[in-house]
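Each structure below is given as structure tokens.
In the two complexes below, chain A is the common chain; its partner is chain B in one and chain C in the other.
So, the complex of A and B:
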């Protein structure tokens, strides 16, 4: 297919940017409804307790209260979860974390709802709780779910690691820990809803996955599919947390019973207590290499604390296992990840699904090996980097688009300059400088399972093209990118494509905005739909122009004869002709990346159809008297296959670096302590380094115009690079994130 | 997270404000910048029946020279404070403190008086103000009193303000020729941060190179109120300023600090940081003293 110059690879103004700037965008909390009821959940103050009685009588009689719901009011199946269904919308028998909802108040005003929520009397019998994943696996541990506290185990085994270690010249073995993190999206969770004249329950939501919300709400209410409609409102970020059902179920329940407009808007404090966190991981890693620096063996044991409910825990565990070795060839691998329930807050999806955590570990190991071998950290990575033809730990042979080597080469010059600059300068006795590299690989899409996307492209009789996609744009820019892909396929300008986005009544399922999958997977579905339409137009043109199809192209709303571009026929004319023949003008595209499921015992399989690669170079200055760290500069090279919208890629990289700096140095959600931004630090503009984004394009043959994804990869290498730079500066390594003031100072004090 | 209901009063003069306050028999709060009060009201930590806003009281928004003193109106915002010529020239420690408080958004709302009466142990302005020997004016319906800021703050959120009283102004005496002040704050990130430790210093020298005639060292976030380190001050007094002396003073300051362990930092770390920050803040004060002298010559 020909490629429209200008549509692909150009940083056109983002769809909806002006609306965002002028405040015209409608976020969920902005919808003006007629007389809406306010919803407020009653949440558990205990982390593990049996619910003996819920007394709503007094609260129900309070002024302005319309109704108070409990689990008994849920007409369908009171269990939710995208992978494993273990989480009730409203708790029936016992609460499993502080914040578990037990009742839902609907009232005329926010004040009345808040007051009544405080007046609902719940009688609890407090149960012993467990907060440490290792303790949760002990025989005598309190059972959080009846099936036991081990939710999932993922093994990935290749070769014979145990015996391979004995032939290694150097072996390093360390334990790494990370903390729970809060996503801190700009817009706290919110939704609203009403009942349409035909009885449809319409739910507006801040969400990353409207079609999942749809099926979940229908199941909760026990209604047929057509009675629910989910519309994604303008969404102010998600980072994984808005993949769970947060307020959508509450809205559905209230609409079902009350048939009145409702709204449900979380405060920041409620998002902190109620929504998912990044998994805290404990990672024991043993890695061995030969004298030449080639990696031979890795053994890895990971405990993954998924908190009270599964959410995306299984996906995080699986992905952590597959990615544990990093973007390197390792012949002998023995990895096991256990995903464990505790009474901590629910840990779910967060940008990277466990890969940011394992990247911290495998990149620290690489530097430790280099140090033992007297080898440069750059060199050991370059030597082991995956390449076309490499076989991964799951036994997958990489066929194309393996850009890690190119990414490393892209930062090489900056790395060498930074290294010599840092040793030249000995400015102050109280500060020291360091340089570090972090590398990563990231499988695009869900791990070893089907995760298709669909899209529809329609041409009307005027020749105007509309793209229907279920893909939720949560700020990352997918709407713009998908318009570019449609335009690029149809030979139009991107702003000529009308977009209908993320409305379950009007659009088909595009799957979740997660796993960095939308450009690659939904992009391909859009391309498929557009290509089908192009084929119809070309077929009609062949009929009229009497030339072979392969001599024709689409351009500017015309089918053009390549031999003589003056010979052209307008899309509108061709569309009308097709219509007369009864040929459909709306075509559905489909794409499901070719993967194979992972063997439950060995982890063998092809978990992803393609991988993104990246490496970051971080330069830091450490105040060795206080432990303060300044990240001066991050050079970030990302293999995205093809940058459909380069500014969008740069934006993702800069945002990812910010998140990575937070993960490295300051962010930590302490269950039971952290309540709001007052006690949760994310980097401010003053904490941001200079970011130098480098886009590497190692084209992916199966990608739309060669594209892969960058959403999560953007964040992953930053923390490893910063931690390696810290260790370069201090001569001492930190194994526990965040590397906060005290940990850095302790490392500084321990150095020789 | 909604504000509870309250009566709102908006007097235009201090006198009127004091009269309203004395006339209300119910729980009342004074609203200045609101950056602390409104947050606490939303959280349900404060639920006054009446709010008396000082937003329209013009006389509280002025900074004026009065002979050898500088009088800062209680409702001067932190951002405005940083714009005052005198603060920039003569009160460097305070100038620094004001620049490190919160974020630009907060500095545009928060007032100098508010940062004092809320009496947060980690507040940015009280330590430098105490280091400069600030006194404050309290006004009520039938009179006023003046007391030293140091004696005013009693504990976290506690002051010796009496019902009906309004903090109206802060008075700073112009520092002597050979003198300087410093302020150093440590937090987890570079802005919008509550101090883990903050230290303010001030000293006056006998002549261009000393000895130190009078010194004040004030420690924040390591006790229920800002703490004057009398041991550090004693060590400094009568000595010529230099790095070794500052180090000794830092160690003495750590002995006067009463840091606690909490989720943000350990007591041990805080104690170490008191030493270090005191040293840094004293060094700043010395640099400032030299600079002010030079400025006079110019």
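So, the complex of A and C:
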């Protein structure tokens, strides 16, 4: 396949960026519909209560109210969820968290909808609630779902960890805790909709997975697939939360009954109360190594608080189990993850699916082992790093593209400089400095499950090429990258590719924008479609030029003879020729990574076709009188296989570092307390360290042009690196995230 | 008893164009701009002045439009992202954001551009620290701010070279 120079590995202007810069982009709340109704959910103030009666009569008579819906108005199946269906759109019998919706108001104005929502009278019988996952597993615990409070258990077992510990020179055993986090995408959830002349319910949505939304709304309404159309609007970030059905079902329900345009725009407060959070984890981890620093055994017990409903809890638990050991060879592994319902907010997908949490634990363990052994933290990681041929805890042999060693080597010089610099300095008796490393691995795509993507590439008789993809670009840049992959395959410039994106009427399923999967999986689907079209064009050219196919290439809209590039035929001519013979000009591409399901007892299998690797070096300064931590510098090395769009990769890395700094030091969603940005702080421009992104390209043979992914890996090593740097600075370790002012101060006060 | 005011007549300039509106007494400037003038570039990210997505220029100063009453726009000159380029081609900041890949999801972008424009008016040659301070009222969850800093620096550098 000829590769168009400039298409791959080139930081071209991002698709849609200009419209976002001029204010022309249409986000869901920006659509102007004719006389739309406003939707507002009535949400539970209780975390666990039986719904005895919902009285909508008085509220329905208020001025401007069109209708108030309850569970009885849902014509189809009132249960949603991408993995396990346990979550009603509107609760009928029992609310399970503060924010569970019980009714939906449709009114002429936002104000009327809000007033009526406040006037809906719900009679509750408050039930005992449980907020701690360990308590929820006790025999006498209140039952949140009929099947019990244990949603899922994942075991990963390799070798015999119990006996292996006895032969270890050093063993460390600690318990780590992380908190619920809010995604804080800048655009609060929003959507709008109308009914087309042919009766199709059209829903514009801020979403990460339009095809999932489509099937879920069709099932809720009990209508055939063709009556629904989901169009992804410009989407202002998602980070996992917009994988759930948020406002889409409400809009579908109102359209179905009222046949009038509607809009549903969440306030920031509503996104805080209603949408999913990052899972809070409790991780007991025991790790043993030999005198040489080689890891021998790891035992891990994790409790994963999924809150009131499953959402992506099963995926988070599974991924946490597989990744618990970190990017290292460990012969003996014994991991168990329990995913447990509580009456906390729903915890779902958030950038990394449990891997950021376990990385905090395994990277702290690595530093503790190094300390006990008197070994350098860099050295213990380098010695244990996975390599080609390594076998993972699930028994998977890594065949190629294992770049963790290269990532470590990439930060080595900066690490050594930082280590010597921090001991030289001591500019104030009230501050101290530290240096830390965090490393990670991350499997691309869903865990041991099918997760295909599809795409189509079409050429018209003028030679113009259109790419159809269902892949939702939520800001990460997939639309640009997929255009580059199509262009690279077809020998065109990326801006010559027209694109139809994330509209369920016009595009086929590309799967969720999650699990860092779109470049690798949808990229391969696009490449497959484009390659099939190229083959048609080459075949036609062979017939005309009378030369072998392998002497031809595609370039600039022509098929050219490699031996004499003046001999060329335009795509348009070849397309017309193919059309006359009835050969299709639109080709379907498809890719599903080769994986195998994990054995339910042992966790054995090949959960991912490829893994991304990364390590970060963090330098911090701690004010021991206030507990304030300044992250001065982060050097971030990422093995992405191949950077299709290097500046896009850099953008992901820097954004990931920012989110990682928040995870490490400041972010915590306290159920029942945290309400909005006034009490939940994310890093501002002033909180950012100097970031030095280093792109490592350990090419993945099965990736499109060698690419893997970076979206989630970008975030994962930052918090472990910052926490290890904090420990280096203070001589005391913090085991509970976030390492906020109080925890840092406490650690500072305990130091000798 | 005096009836409370329900609506207020106001006249002001938006992006150089004179406008007269009858606005609600409790209506925010952001609501009036988005819903009445259909200028949806300014975004509502939080409604309480924490995120900066609604930043507009009021008499050349950056203001959170969600915290300003519509009535307070009376007699002022308002600039929104739609008018940043001043009718002509693209504003240097918009060009620099594009060139430096400073846009990801783009929801915070209009507010950041307005804050950056106000910052550069006050500090034509800001250092990194001054830029971070000037933009610290605008939250971005995607970019980590680095490429935004680079874009603002590029504009400042360009202006400096022009005046030399």
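The rule is simple: the second predicted complex is superposed on the first by the 752 of 752 C-alpha atoms of A that agree within 3 Å, B and C clash if a C-alpha of one lies under 4 Å from a C-alpha of the other, contacts with A are read in each partner's own complex, and residues count from 1 in each chain.
Here is the rule we use: a contact is a pair of C-beta atoms (placed from the backbone, for glycine too) under 8 Å apart; a residue touches a chain by one contact, two chains touch by 3 or more.
Just so you know, these numbers come straight off a predicted model, no measurement behind them.
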Name the contact category of A:471: first (chain B only), second (chain C only), both, or neither. neither
Looking at A:628, would you say it contacts chain B, chain C, both, or neither? Reply first, second, both or neither. first
Quick check for you: in the superposed arrangement, does A:691 touch first (chain B), second (chain C), both or neither? second
Where does A:317 make contact in the superposed view: on chain B (first), on chain C (second), on both, or on neither? neither
After lining up the shared chain so the two structures overlap, which partner does A:185 touch, if you call chain B first and chain C second: first, second, both or neither? second
Tell me which partner A:741 touches in the superposition: chain B (first), chain C (second), both or neither. first
Between chain B and chain C, whom does A:666 touch in the aligned arrangement: first, second, both, or neither? first
Contact-wise, after the overlay, does A:533 reach chain B, chain C, both or neither (first, second, both, neither)? neither
Which of the two, chain B or chain C, is in touch with more residues of chain A? C
Figure out whether A:267 sits in contact with chain B (first) or chain C (second), or with both, or with neither. both
Which chain A residues are contacted by chain C in one complex and by chain B in the other? 267, 678, 684-686
So in the complex, which bits of chain A are touching chain B? 110-111, 114, 267, 269, 625-626, 628, 630, 665-666, 670, 673, 678-679, 681, 683-687, 740-742, 745
List of chain C residues in touch with chain A within their complex: 38-48, 50-51, 53, 80-82, 84-85, 90, 94, 97-101, 103-110, 113, 131-133, 135-149
Chain A contact footprint on chain B (complex, rising order): 1-2, 103, 186, 188-194, 196, 263-266, 269, 272-273, 276
In their complex, what parts of chain A are in touch with chain C? 11, 13-14, 16-27, 29-30, 32, 183-188, 234-237, 239, 267-268, 474-477, 647-648, 650-651, 653-659, 676-678, 682, 684-686, 688, 691
